[in-house]
């Protein structure tokens, strides 16, 4: 058993889902490990991770739209608004999804389903430079 | 430290929660490992995993009913409807819950709470044959 | 590679977020391990774990308030009410967040973001004594 760890960055030019499956698979390949778990971690509180359908862009648009309707920016109940109207909705959308996702791998390949991708979900409207940590545990 | 990995299948005859705690515990027993983490992964985008109260069936029915009201099938905003009205709600319910759950174990036993079970949540109405991957990391 | 595991308890005097970052960091230090993954697990079905902004208390109050409005206690649809009106909402809030959170570490330090803390979220109104399991996998 061994540990491999790498940090990647991704610039997000807009709110919404940004696929990072290839970056994660690339770090797994670099680890040289054959079987175990890859953990992806997002050290931010206004973006998050989610597994999602990766074939039809309309599925991602519908997911983003539904979350926008569930957590409207103009909620008069919010007190934490110092960074603008998308500040508190971003934290809530992060809490409803994940800061970490773990994916098993075998024969050096992620055991993802055919239609399954790993996405960094930017919840802020303005461009950000985001980091994620890929940790591979296995043999 | 060692890795053990197994793939299981479960036929889901209806939408809702299907307990898989025994299958996961069975794979842990087969691993022969004593202490570490069991990770369960669901390689689908229209079903998911959730930890839930496993004693009173009404708690599971209330959870299913609440999610059905939160994400109604007949939402006119949805664009991704090729596979029917339960297509997009399934992806949303998956994103709101988990594709992976990790449970610690000690002395070869899952450290679950008294009322805690691991459930595969089928979000589609029609029967499906679902897969889940159990990975045990430990010693 | 090695495994370290410890169980901690926390008394919750009120519903809401209770930060446990220091306890988790303390167990990581006790493990003596340098690089890998820390997994925190909550063996309860009416409280949960969440990563959240740890600087401004208003962000946590807004998150709690938003969840209370999303899952009102007085929902006449609920059948599972034996333990009171906050019984079923607690299970739902648990399902919407996490029973387990995993955080990578390097050089013996959690790779948390600047504003990121680990919180035990008590969903019941009355005081409870809660347990969480910290498992460290690494080298």
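Which chain is which? They are A, B and C, in the order written, and residues in each are numbered from 1.
Following the convention adopted for this analysis, a residue touches a chain if its C-beta (ideal position, glycine included) is under 8 Å from a C-beta of that chain, and two chains touch if they have at least 3 such contacts.
Here the structure is a predicted model, which means the values were calculated and not measured.
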Give the fewest steps needed to get from chain B to chain C, where each step moves from one chain to a chain it touches.
1
Mind checking chain A against chain B and telling me if their interface is mostly the same residue numbers on each side, over half, or mostly different?
different
How many angstrom between the C-alpha centroids of chain B and chain A?
20
Contacts with two or more other chains occur in chain C at residues 1, 70, 96, 98, 102, 137
Note which residues of chain B are touching chain C in the complex, please.
1, 35-37, 50-53, 56, 58-59, 61-63, 65-66, 69-70, 96-98, 101-104, 106, 111-113, 115-116, 137-139
Touching residues on chain B, where the partner in the complex is chain A
1-3, 5, 39, 41, 43-45, 70-71, 75, 77-80, 82, 88, 91-92, 94-96, 98-100, 102, 133, 135, 137
